[in-house]
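Across the two complexes that follow, chain A remains constant while its partner is chain B and subsequently chain C.
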Partner chain A sequence: MIFTSFNFLIFFPLLLIFYFITPFRFRWLTLLCASYFFYLNIKPIFALITIGVTISTYIFTRLIDNVKDDSQKKRLMVINIILILLPLFFFKYYSNINNGIIGLLESFSIRWPLPDIKLFLPIGISFYTFMAIGYTVDVYNEEIEAEKNLGILALFISFFPLILSGPIERAKNMLPQFREQKKFDYNVAAQGFKLMLWGYFLKLVVADRVGIYVDAIYNNIGQHNGTTLLFASLLYPFQVYADLGGYSLIAIGTAKVLGINVMFNFNRPFFSTSIAEFWRRWHISLITWLTDYVYTPLAFHFRTLRIWGIVLALMITFFISGIWHGANLTFIVWGLMQGFFLSLEALTSNTKTKIEDKFKLKEKSLYILVSCIITYVIFASSQILGRATSINDAFTVFRKIATSSGHLFIGELQQLVYGVLAVGFLIVIEFRQEFFTKNQDPLKFNKWYFEHLGYALLVILILLVGVFDGSQFIYFQF
Partner chain B sequence: MEKLDIIEKLATIFRTVFKKESLIITEDLTANDVEGWDSLTHMLLIAEIENVFSIKFKLKELNKMKNVGDMVAIISSKL
Partner chain C sequence: MNQLISRGLKILFFIFIIIVSDQVIGLILRKLYFNQKEGSNRALNYTFKECKSDILVFGASQALHNYDSRIITDSLGLTCFDAGQDGGHSILLQYAQIKVIAERYSPRLIFLEFNPKNIVHYPGDYDRLSILLPYYKEYPELRPLILLRSPYERIKLFSAIYPFNSKIFSIIRFNIDFLSRHKKDFEGYIPIKDKVMNIGMLKTNSEIVPQPVVDMNMLNALENIIHICKKKNVTLCIVSSPLFHTVGEKRINNSFVENQALDIIRRENVKHFDFSYDSLFMGRLDWFADAGHLNEEGATNFTKALIRRIKYDKDLCSLLNVKKK
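And now, the complex of A and B:
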């Protein structure tokens, strides 16, 4: 089941009724059953992997808590991490490795008939595997005690709002909440529904409308000129943002209605004035996860190399992030590009701060605006690699943008107008949030009737302009 | 070494790493209070502390440092 399916519109209200009439002691059980029902609805066989990851993590974390010797604890942690990563590696990279071997053998004129299995990636596997890894490391680090109730741990790993695409939550935040006794709170639930609505708007109106145009251009790179490719490439980050950001808000809102607080995944990233700031505001749950469990151990290991140790750790972290997004050259180059820009900033930050302080640049709105635009353009150009299907395509896009111009391809005028207006609306709302209301609630007004009117209009906009063709979320493929 | 001596030594390190002469170090100080104290500069800070105090941290201890007070406690346990 996915958030944009009709089934979810039936499932969620029914769950709310069941959930709030269940006695406090058994609420976790209701949620666990609901979560597995939600997940089984996609492809039942995939749940076996989730169960495997849960049981392995349960056993190893209990063992970590029970042995005394630190090196033994460490060994147990490493074994569990490897065990639960195996299915992820297998499903994600099997065909890559297979094709690689076949290609290599063929280049030596050997034809070796390896079975060419097209595997479906079990949806959400990356996200719950990451949560389980984080939990294992936290238990090893004595940040939390190993959970003794297998059911609660199973709920943490399979919690339905998060299982398909995150936010990648931490056990420390989630486990205690599954035990808290919370009565239904109208205001909290209303807040949750508001976030869900804004999430649906982002996904169905912004992401999917923009997506129609971007797909039309990127599926036909050869046919389009530089102007059109530039325009589509500048739009694409908004599609990704509205897609994953919208998904995340629906997830956060859903959990909130149930009385469970989940971390925010985005913090208006396009108002960042540097790449470093951008990565503190973009896909926050993944970045903080990578920071805690990949970057920090690496940087710690290389710390005697000082700034170059940090550069090395950054490059490796983003290389891993790139490979995770996809085992293609495009994503590897994408990851290295992020690492490169971040390292460049780290190396020049002292000089930059000095100049900014001297001319009081940080108070000047023009400087802020230009910095935001530069950051956006750098990110958008790296996203060309995220969107193009091959490294050759990506280079074609770069080359055409630099060399060819001409008229902008319009296609269906209505699609383009809807897409651009939706992006404009999003920018206006976020501008107001960023500089004025500073509130997570996108349509925050002092007068309650303005707020109600705003959300009523939002519903109408979703129904009128939303794309209801059952399209997938971009991050389901990861 | 007394707690105050450790804090005084730390203050010098902090001022060099974050390039802020006026920085005042208290036990409750956290990364949120200091501009430029992020995951990148944190490791420079750690390496510098290890160097000045001639100690070695464990990764596990790093995770336990939530503010300067925690840092002081861990440093003093190693002296």
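And now, the complex of A and C:
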């Protein structure tokens, strides 16, 4: 079951009824059953891995909590992290590593192929694995106590709004909420439903519409000229944003209706004036996770190298971020590109700040606009690597953009019109949020009836131009 | 208590706005949808409601672009309408079209553009049946086909806008004359002009093709089309259009999937004109727009070749009262 399936529209109201009539102390159990039901609906066998990760994490974190010796604690933490990572590596990276080894051996004229196993990646494995690792490290660092109730830990790892594509939440935020005795709050639930609706709009109207055009171009790179590839590449970040951002909002909204607060995953990233700011606004849960568990320990470790220590920590962190997205060379180069741009900004930040202060540039709208555009173009160009199926394809796209011009491929005119209008609508709404309302609520108005009319309009727009036919969320592949 | 009533009223207001907007916009879209002057929706409306041609061509994009209705009319002396539809539709759409038309009248000849390989189940095939959603209320006979999309389709159709999902642009466009392309279609036929295939288009896609699975609904659709035509006394010719092959390219043996469809065609004794490996079209890059579609010149030559085959067929000539060559 996924959020955009009709089954979910039946499942969720039923769950709400069951959840709020369940006595407080058993509500976590209702959520746990619902979460496993939700996940089992996708492919039952996948749940075995989730159960395995949960049991391993439970046993090892309890042991970490009970052991006094620091080195033994560390050993237990490392063992658990390795155990949790095993299924992720096996399902996600086996084929790539296998092909890499075969290629390497063949270059020395050695043929010793390992069996090529066609594996389906269990949906959400990258997300709940990171949540379990984060929890293990937090217990080791004594930031939280190990959860004694296996059921509540299982709920944290399998919580249905988050299991498929995040946000990658932290145990210290989630575990206490599963125990809290919360009554149904109309305002909170209404806020949750609003977020869900905006999330559905982003996914069905923006992401999937833009996706039809972008897919048509990127699936036939050889047939299209540089103009078309440039246009598709500039549209693609909107598709990814609306896809994962839409998913995240549905997840956050769903959890909110149940009375559970989940961190926001995006904060209008396309209004960032630098790459560093962009990464504080884009896929926040992943980046803060990487900052806390990878970047900060690394930067501390390399502190004697001063600014170059930060550069090194950034490069390694984003290399890991690339590998998290996939073991393909495209994602690795993508990650390194992000690390490179961030490092460049870190190295030039003092000079840049001085210039900005001297000419009071940060107050000038034109400077902000140009900075936003430059940041967007840099990110969009790196996303070519995220979208292309191979490094060769990515280079073909770069080469064609630089060398071949011509007419823009329109294809089916209406798809392009819907996509561009949807992106325009998104920009207008976010512009208003960013510079006027400063609110997470996209359609915030002073009068309640304007707000109701706004959300009713969203429903009508979804019905009119939403893509209802069998599309998937992009981040399910990660 | 007051707060409870106030919240209840706000929720009711929200629901009321959605329902009223949905019904009003849906009604307007319905009116405009059936009032389109051009485009593929108009062609489908015309096929369902008005068309009375002697010869009909059914199929997906190959039917729409490969059969020149003017040549068919001139050569056989019978009116012809090309009811092909772009968009990668499966035989399920053609079954729906023939089912509706057969209730209204019996054409003398139906050309069904069909490649026996195309009864393989692809995800998304049923999604394309959304083209039939505007007809759900009016044509009960189409409902079982529409419900193949999803068992929830009945519930979704409570919305008046839903049948016209993704169609608003073309509805507006083809209701306003100055926005129309004024693309001249010839009795349904739309030629692909000024497009010539290049050999680079033949590059094979490296994506993994899953094991083909016969779609029983499509197989049944083929059988049902044949039965409808027999029942209504309509001559049915199944035609497989030319596909681009290089000169001397060997035919690949029929697959299990292909044989399933061919068995039905043979068993039911239906005429099958197979041009998919016809030597006349081999290596003729200049006649193709891409590997699966002929351009205008290719369509002219193909239609002429098809007519020649018909004129050589004694049974067909006598059925159509056409002079045999």
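Observations on the structure shown:
In this section, the second predicted complex is superposed on the first by the 467 of 478 C-alpha atoms of A that agree within 3 Å, B and C clash if a C-alpha of one lies under 4 Å from a C-alpha of the other, contacts with A are read in each partner's own complex, and residues count from 1 in each chain.
Everything that follows uses one rule, which is that contacts are C-beta pairs under 8 Å (C-beta built on N, C-alpha and C of every residue); 3 or more make two chains touch, one makes a residue touch a chain.
Just so it is clear, the model here is predicted, and its values are computed rather than measured.
In the three-chain model built by superposing on chain A, chain B fits alongside chain C with no clash. Of the two partner chains placed by the overlay, neither chain B nor chain C lies in contact with A:I82. Looking at the shared chain after the overlay, A:L463 reaches chain C, while chain B stays out of its contact range.
Touch criterion met: A:N350 reaches chain B, while chain C stays clear of it.
In the superposition on chain A, A:I373 contacts neither chain B nor chain C.
Of the two partner chains, chain B is the only one touched by A:P297; chain C is not. Overlay on chain A (Cα): least separation between chain B and chain C is 38 Å.
Comparing the two complexes, no residue of chain A contacts chain B in one case and chain C in the other.
Residues 6, 186, 222-223, 413-414, 417-418, 448-449, 452-453, 455-456, 459-460, 463-470 of chain A touch chain C in their complex.
Across the complex, chain B meets chain A through its residues 19, 36, 38-40, 43-44, 46-47, 50, 59-60, 62-63.
Those residues of chain C that touch chain A in the shared complex are 7, 10, 13-14, 17-18, 21-22, 25, 123-124, 127, 130, 150, 152, 155-156, 159, 161-162, 164-166, 168-170, 173, 200-201, 203. Note for the complex: chain A touches chain B at residues 141-143, 276, 280, 291, 295-297, 299-300, 303-304, 306-307, 309-310, 313-314, 346, 349-350, 353.
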